[in-house]
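Heads up, there are several structures right after this.
Same chain, two partners: subunit A is paired with subunit B first, then with subunit C.
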Partner chain A sequence: MITTIENIGKAFLSKILPLRGTLQFATRVFLNIFDRRTYNSASRMVFIHQFYFTSVQILPLFLFVAVIFGSLINGMAFQVVKNLGLSDYLGRLLMGFVVTELSPFVTVLLIALRSSSAINAEIAVMKVSRELNTLESFRIDLIHYLFIPRILNGMLSMVLLTSLFALVVLSIGLLVSSLVFGTSVDAYIDTLLHSADVLDIVILLIKCAAFGFFITLIPIRLGLNASQELTSIPVAVLNGMVKVFLAIVTIEALSSILRFI
Partner chain B sequence: MEGFLADHKSHLGLVSLEVPLISNLPVWSNIALIRQYHENMPWEEAKTLALDLLRRFGVAATAEKRNPSLTAEERFCIMLIRAAMVRDAVVVLDRPFRIFPDLPDGRFFMDSLRKVDDLIAEAHFFDYNWEKERYGATDDAEN
Partner chain C sequence: MTQRIEFKVGLFITITSFLIMASIGYVAYKKGMFSKVYTYTLSSHTGENLTEGMPVAVWGFTIGRVSSLELNDQGTVLIRIKIPERHIRMIRADSKFVLDKPLIGSPRILVKTTNLNGLPLSPLTIPELTESNDINEIIKRAQPIIDKADRIMANIEGITANLADPKGDVNRILRDAEALVARFSKRDSLLEMVVGDPESVKSIHESLKKLRDITARADGILQRVDGMAVKADGILQRVDGMAGKTDEELYGRDGVLPQFRNILRDLLAKLAKIDATFDNINKISTEAADSTKDLKALRNELDETIQTIRDLADEIERMIPFKTKPEIKLP
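Our next item is the complex of A and B:
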């Protein structure tokens, strides 16, 4: 019996200790965001490059996915609303589900699949090829130069791309709405504005920023766990992506709890 | 050597295979990075400075290349220029024949150091004892 309890305790600790390490790392990085030394010419250049890779290069794929999802979701939603005679709830459905739930979720999945994996591999490769030693040798702080530009970019990209996704889906909603219900532009916008809840929007922005923070911080932290061997790179990326997925689910659950309590 | 490096950490410009060029940055950015980070030098100015120094070594054509596509000679020159970008640099050449192994002697290193003489405060070589002949050093004090 005691052995069983000990084993449960060991298993629990083996899961909790890395989490504690990640949270300590997150705190260190978060505090450094407010350090003036972070914002030098080199870090700004990294930020611009990262923003280009994350938010600009992805645009064709992102818009394509937004149009496909927008058409499907709007098609289904309008059909259900029409059949059940719930047209009064259309605005609430679009703002409460499409904008605050679907948009950040699809956006975070796309950014995680594309950028988080790239960041994870990049940091692991830099560790293996001793390039992190180079930066330390020249007294370049890894948090200031490498990590914070990537994390800030993750947060900003999440907020902007989520907004873009919501805009595309709502625009398609306008098109479908005018075709199905014959709704005018003014009436459609009026419905959406009346359904918008300021608290929901605040929670949405915080959720997007939290997604952006953790889907870049976790790959960085797991990338740093790579050893000096090339074979440790795929292991670091695999572990990183699994933890990114867990972080997405956790943040999604926490934001839902916040919204509905 | 570790003690020496620790003593001069604030002005250290290390040229060594242990501190490789950053492979996802072009050559000019590897060099400019030092001034951009430590002195907040605008990137255009830092790039101009890096290109001027690359021209001094006759390797300006490598400015947009990345580490894996460089020759050993180019890689050494760029590592030296990067080390010289540290303000009042104490340049340490750690086993330079490992970076550029085909050289018969160390004259190339001395010539290269002269090209950045105006930028560095001191230069030190650290190498294996059996390499001293390649530097022209002997045990005989009179020579």
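Our next item is the complex of A and C:
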């Protein structure tokens, strides 16, 4: 009996302790974001490169995905709204679902699939190849030089790309609404404005920043868990991506709770 | 290479940030975030159905929101509403504030302003919030219908209970009907069932047979009468023909009546002439009467003259008596 309880406690702690470690690491990184020493020329260069790889390089693919998703989602939403006679709720559907829920979700999935996995693998390889040890031996702060530029890049990329996605989807919505309902530009904008709430937009931006923070922090943290063996790299990436997915779901749930309280 | 990357990154961040800021700024501007906001206080005896952030509407348009709710020492709920400057015209001193609780949807505060040019509502004035409860109104209206439906249901229940009750009226009627049908099936006829005696039924049958014979005879008589009627019809037709001819003789073009009418017309014309003649005769007789009056006067004068002559002759004879008396002839 006692052994069973011990086993339950052991299993619980084995799950909780890494989470505690991740949260402690997140706190350290978050505090360093506000440290002026972080923003030196080397860090800025890393940030620019990371941002380029994450946001600018992906832009054509991202816009293509946004157009395809926007057309599909708008087409379906408008058709459903028209068939059910719920055209009064069009604005709420677009602002409440497409902008505040769908846009960040698609964006975070794209960035997680592309950049988070890359960061996870990169850190794991650096750990295996002892590159991190070398940097530390040169007294280069890993958090300032490696982690914060990547995390800031994740946060900024998420905010900007989500906004871009929402703008593209709303622009396609304008096109679809004029084709399906024959709505004018003014009427469409009025509908959106009527349903838009500044608080919702602020929550959306905070959610995007949180997404960006965790989908870059978790791969870094899990990449650092890699051992000295090459075979630990895929394990670290695998664990990192699973944790990233869990983090996305958790943030999504928390933001929904925050919005509907 | 690095500069090119820096440029691309910078351009992307600038454009995207500008788009985001412009969108948020536009929404904030349109939502009145930058305009001056006026706060008014309303009072209510209850805080039920009141929530912070609930809309304040005029004619279906949301013009403001409830910013806070507070219960004061007197037990009155104070409701603070925020109205942007551009909608301040809707809030006047005579404005009525009504808590609208629709059947479907969230409650809201309706502002009812009759005179938009009236005095503005002072922020220090605390108008009372009245209630308009759609649900209660509907329940009030529906109550008589529900009562009626209850009565109908009670009646239906009574009927079904009666149906279910083996000693009930419906079952009794059904049993009686069953007995009746059974009696029908046992008797040869309905008459036998009614009379109850087969002999009486037999005598009734015989009477009916006799009645049938009488009816057959009556039918024969009637047929003969029909034949006579047919003959009478022929006679009448002939009489009609004669009458038709008589009509022709009387009323035809050369009939008696037109000729009689012509004679009368001639007679009338002649009578008109005779009438004129009579008028003339009358005139003549009148004139003759007048002439007779003149003759009378002449005779009188002649009589007077003769008398005078006689008197004169008498005088002369008295004076000259040689002559025998002459005989004077009067005209």
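The rule we apply is simple: the second predicted complex is superposed on the first by the 260 of 261 C-alpha atoms of A that agree within 3 Å, B and C clash if a C-alpha of one lies under 4 Å from a C-alpha of the other, contacts with A are read in each partner's own complex, and residues count from 1 in each chain.
Everything that follows uses one rule, which is that a residue touches a chain if its C-beta (ideal position, glycine included) is under 8 Å from a C-beta of that chain, and two chains touch if they have at least 3 such contacts.
As the structure is a computational prediction, the values presented were derived from the model and not from experiment.
K.L.:
Will subunit C clash with subunit B on subunit A after the two structures are superposed, or do they fit?
P.N.:
Subunit B and subunit C fit side by side in the superposed model.
K.L.:
Touching A:T134, do we find subunit B (first), subunit C (second), both, or neither?
P.N.:
First partner only.
K.L.:
For A:L193 in the superposed arrangement: first (subunit B), second (subunit C), both or neither?
P.N.:
Second partner only, subunit C.
K.L.:
Once the shared chain is lined up, is A:L167 touching subunit B (first), subunit C (second), both, or neither of them?
P.N.:
second
K.L.:
Which of the two partners, first being subunit B and second being subunit C, lies in contact with A:E122: first, second, both, or neither?
P.N.:
first
K.L.:
Looking at the overlay, what does A:L156 touch: subunit B (first), subunit C (second), both, or neither?
P.N.:
A:L156 sits against subunit C, while subunit B stays out of touch.
K.L.:
Which partner does A:S43 contact after superposing on A: first (subunit B), second (subunit C), both, neither?
P.N.:
A:S43 contacts subunit B only, not subunit C.
K.L.:
After lining up the shared chain so the two structures overlap, which partner does A:S55 touch, if you call subunit B first and subunit C second: first, second, both or neither?
P.N.:
A:S55 sits against subunit C, while subunit B stays out of touch.
K.L.:
Between subunit B and subunit C, whom does A:T107 touch in the aligned arrangement: first, second, both, or neither?
P.N.:
neither
K.L.:
Look across subunit B and subunit C in the superposition and give the shortest C-alpha distance you find, in Å.
P.N.:
Taking the overlay as described at the top, subunit B lies 9 Å from subunit C at its nearest C-alpha.
K.L.:
Find the residues of subunit A that appear in the contact set with subunit B and again in the contact set with subunit C.
P.N.:
In subunit A, positions 45 sit in both the subunit B and subunit C interfaces.
K.L.:
In the complex, go through subunit B and note every residue touching subunit A.
P.N.:
Residue list for subunit B touching subunit A: 9-10, 12-14, 18-24, 29, 33-34, 36-38, 40-43, 46, 82, 86.
K.L.:
Enumerate the contact residues on subunit C facing subunit A in the complex.
P.N.:
Residues of subunit C touching subunit A: 2, 5-6, 8-9, 12-13, 16-17, 19-20, 23-24, 27-28, 30-31, 33.
K.L.:
Show me the residue ranges of subunit A that touch subunit C in the complex, using the header's touch definition.
P.N.:
Interface residues on the subunit A side: 45, 48-49, 51-52, 55-56, 59, 156, 159-161, 163-164, 167, 193, 196, 198, 201.
K.L.:
Can you check the complex and tell me which residues of subunit A touch subunit B?
P.N.:
40-43, 45, 122, 125-126, 129-131, 133-135, 137-140, 144-145
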